[in-house]
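Below, subunit A partners subunit B and then partners subunit C, in two separate complexes.
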Partner chain A sequence: MSVKPASRLRGKDLVGIDPLTAGEIQLILDTAEQMREIAERPIKKVPALRGKTVVNLFMEASTRTRFSFEVAEKRLSADSLNFAASASSVSKGETLLDTALNLEAMQPDFIVLRHQYAGAPHQLARILKSSVVNAGDGAHEHPTQALLDALTIRLKRGTLEGQVVTIVGDLQHSRVVRSNVLLLSRMGAEVRVAGPPSLIPPGMEAMGCRVFHHVEEAIAGADVVMMLRIQLERQGRMNFPTVREYYDFFALTPERLKLARKDCLVMHPGPMNRGVEIDSRVADGPHSVILEQVTNGVAVRMAVLYLLAGGHGEPASD
Partner chain B sequence: MAAELVERVGDEKLLYLVGVQTRGVPLAKRLAKLIGTTTGHEPPVGALDITLYRDDVGPWRAAHQQPLLRDTELPVAIDGRVICLVDDVLYTGRTVRAALDTLMDYGRPQAIRLAVLVDRGHRELPIAADFVGRAVPTSHSEDVQVRVTECDGEEGVWIAKEVGG
Partner chain C sequence: MSRLLIKHGRVVDPSQRIDAGLNVLVVDGKVARLAERIEDRDAEVLDATGLVVAPGFIDPHVHLREPGFEYKETIASGAAAAVAGGFAAVCCMPNTRPANDNAAVTEFIRSRAADTGLARVYPVGAVSKNLEGGELAEMGEMARAGAVAFSDDGKPVHNGYLMRRALEYARLFDAPVIDHCEDPTLVAGGVMHEGAVSTRLGLRGIPAVSEEVAVARDVALAQLTGGSLHVAHISTRGGLERVREAKGSGAAVTCEATPHHLALTDEAVADSSYDTDTKMSPPLRSAEHVEALIRGVLDGTVDCFATDHAPHHADEKALEFDLAPFGVVGLETAVPVTYDLMVRRHKLPLRLFVALWSTNAARLLRLPGGTLKVGSPADITLLDLDARATVNPDRFRSLSRNTPFAGQRLRGWPAATVVGGRVVWKRDRK
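Let's turn to the complex of A and B:
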């Protein structure tokens, strides 16, 4: 039994997967599936968000997510403004709140925020009239990433329900894993997570997943294997001995992939460290849908912006 | 209507029917079948979703809810073809305006015509249908619903009067 899509999103913001109902998730995914077609047209642009202004407020490095949002905004005819923390008053000591209030004084409709602190988008959402979209907050949530992962699985498998999804890597510092576990379990998938014990935060099970310490057990029979990035810039502060050892115990190799279902999907949110968490033969192999994830990311962000632009008052009577 | 369409288009090999989602699509398919049996050449049929081109989404919309998106499928290129847009009810003309803009983003047809099952009047834009199943004079307070088996499980045209307010 598939989930009936909601008729609209209730909130003015998208701060995380946690506040969304299954019906709202279904609505975003259904809308995103239709948005995909726009990229195939000779003129890759629709007028739906004409006259809307989106500020992409990225306080932390990002290429893929920022580009993806920008492409989505342009395809919907919105005007995008890009904000890079290094070239702004932030480097002169302005607080996030002051930056946001100053930007809001220029009447944008959306603020897309990437921030190193968990909860930053929630704080802005409470204070600003604009719609706030979380593009990743600290180690907390990255809702559009989870939505694009879900769309990729759904397009390949037809449903999320009953899918066995294994997520492997640094569960402690990953916002991708949190949003994914929340979303997938809410939509009826069976979620397994695995990683070095030192990188598994307490309370993982409470989010709706099973925790494994041996990656082989977690991968056995899986429909989807999602590898997380090992943050090499944290090298030395990471809670495992060496990158080489990490590869030996946790990387997705062709041998380990054989344990999963024959038509298993291999996913990675990027950027990949080849030869660390994922073997190149797997990353470029026939199971990999890593580049399709990127394509679907644009469609998901278009859907989120389009649906949030619908406003958040009383539902229409019809 | 099928005969009239073929006669007016001249070269039926150029004809291409495009239904406006939702109920224009099954109507376009039926028209294409009829044309196929009379001329021996069944024209291609496409489906067009105009939602993202509507003038009541974005800053002008009244309802706090975005309309759901549906499929757009144009199986062959529209360039150089004579497109006949097919819809169930012609009312304000705003849907047709959106459909024209949508089509233009897909290519450059030789001509675009409009066929509707019911023309209920009350145009708000300078738009007229080339082929009309039936012109039905109505008042604004009435609601004209076309139901087709493919979408609604029943068939017919209903004119409903709003009771009370």
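Let's turn to the complex of A and C:
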């Protein structure tokens, strides 16, 4: 059974994977595959979003995601504006709501929001006329990351259906795992998650995955192993003892990778902590598709912006 | 001599086991007579045809925010909201600025309330100085000035030694200690109930056991000291179980439940897409806890309802879910929310409904109301059980609008409120 793509996206926003149907996910991935081709051209630009304005509102530090969105916007000929601020300064200054209303008064078409608190894009989407694209909200969702991960798997494997995907790391604080579990399970993959029991939130199974404590069991026979960044800055000292012990029990080493399928893909959303959650021999080894993920990120973000702007099918070449 | 005659109503008074069509004559602020027929040409007549006449409702847990946070609520606006919600009396928590941790603040609150002349306002004094959980506040002076109970509400009394001494010392005034039962080290910065919904929403969870372990400690201390413990806004199955056991052991332990914890689950946070009017402490719980709480009301483990009316300014609530303050208003929605849910849906007998909003709170806080016995203060709540209306926060008397019930159509609204024999509020009949 392959999922039939939707003809268009229903909502004005992309706040998460959760509100998307399988058909909408399929549409975004199909469109992203076409967008990839644009990057192969000598002139990497199409006029699809000419005259459209995108505000990249990044209330939390991010290099990779912001750059990726910017590249996507430029390749579609949109005008990008970057607004970087720290949400922690909120007590001194303007609230998120006021910031967003002020930006909206300049009539942008899109607001791409990265925020340290869960639900911020949902709160803005309720009141703004512009399309809100979630570029990561707290420990909630990071939909374009999951879409680019899915595109990477699909390009390598031809399908998501039936793929055994194992995600390992700090499940409690990860937005990447939430979006990935929702997306992959919706598209027919078998999703396994693993991590220290002290970093597994209750009720993860209900999102569409099996939960493992021992990474070896979770990796056995996997088609894809995705390692999550251990966010040292978000950890107290009570969630797990030390980075050294984490490596011992959970890191993806060449030995552990042998438990997976021979042609297993190794993924990481970045930025990597080499020698913490992933051994460099694996990160740089033949199974790794980590840099292809980055390439696909641009295509996926182009597809999302293009579809939210009302586009469908193939973007006009010129 | 002022005289008020409430005619043709159905009097429901659990304190006298009355449920009958009776007239009520009030003379000089006190109940003078209950009878099937009373004629009194000099009395002002309040026609209660089709209405229930009950002892004045008491809300044992509100935050009136004055002194210090008058932009959220004042004693006057809170008292106006109370009577418009059918409440003749409220008990206000001490987390004001300055905190109600000394007799001067207690007296200030009492005199402000008297000037307002609407609902009776009974101050709850602080357990600890400035609610800091360090030293005992001057409970005796506050009791003398009119404090009816002691609490550091908003915060738990985290220090076990202090809680022990508070329970012991409060025996001197026969006053309960009301605890916001939560272990802050287990709350650990959480903003909603911990469970499948918090996991899905990526919000930090507050585990149910954070309440249960605190209730268990307090119950043990109540048993040790012989003091009266009242557990505020109980929200978990485990917490309720500890209270049930304590009652079985004969300890002086009581608890209250709020309308929002009974009527809503943690799914409301998801359904409203992170609306901060679904954020309160303790948080909305999952269905299993809500079901246990409803059973606790039906079987009498829950002694009384309480709103935990917690006004916040719209600007404070218009923030990210993590940053917005905890709390919702409740005075002007509590009666229809609980009536619709508990009496209509769950078949709670009307006399128990009245007891949960009136008689029981009066008993456990040793207040003069909660009864229509001849000679008692004429605090009376009239209810129109058939009235249907939609919750419209724009019409609240409260200065704040932070309700999770906006837009809900509910049945069973207050019709009038009488305090000390004066009709202080009457519902507009449309």
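As a working rule, the second predicted complex is superposed on the first by the 298 of 318 C-alpha atoms of A that agree within 3 Å, B and C clash if a C-alpha of one lies under 4 Å from a C-alpha of the other, contacts with A are read in each partner's own complex, and residues count from 1 in each chain.
Convention: a contact is a pair of C-beta atoms (placed from the backbone, for glycine too) under 8 Å apart; a residue touches a chain by one contact, two chains touch by 3 or more.
Model, not experiment: these values are computed from the prediction.
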{"item": "First, second, both or neither for A:Phe67, with subunit B first and subunit C second", "value": "neither"}
{"item": "Contacts of A:Phe240 with subunit B and subunit C, given as first, second, both or neither", "value": "neither"}
{"item": "Which superposed partner A:Pro47 touches (first subunit B, second subunit C, both, neither)", "value": "first"}
{"item": "Partner chain in contact with A:Asp18 - subunit B first, subunit C second, else both or neither", "value": "second"}
{"item": "Partner chain in contact with A:Phe249 - subunit B first, subunit C second, else both or neither", "value": "neither"}
{"item": "Contacts of A:Met204 with subunit B and subunit C, given as first, second, both or neither", "value": "second"}
{"item": "Subunit A-touching residues of subunit C, taken from the complex the two chains share", "value": "194-205, 273-274, 315, 318-323"}
{"item": "Partner subunit B, residues of subunit A touching it in the complex", "value": "5, 7-8, 30-31, 34-35, 37-38, 41-43, 45-52, 76, 306-307, 309-318"}
{"item": "In the complex, subunit A residues that touch subunit C", "value": "18, 87, 90, 95-97, 115, 117-120, 122-123, 125-126, 137-141, 175, 178, 201-204, 206-207"}
{"item": "Residues on subunit B engaged by subunit A in the complex (per definition of touch)", "value": "49, 51-53, 57-59, 61-66, 68-72, 101, 105-107"}
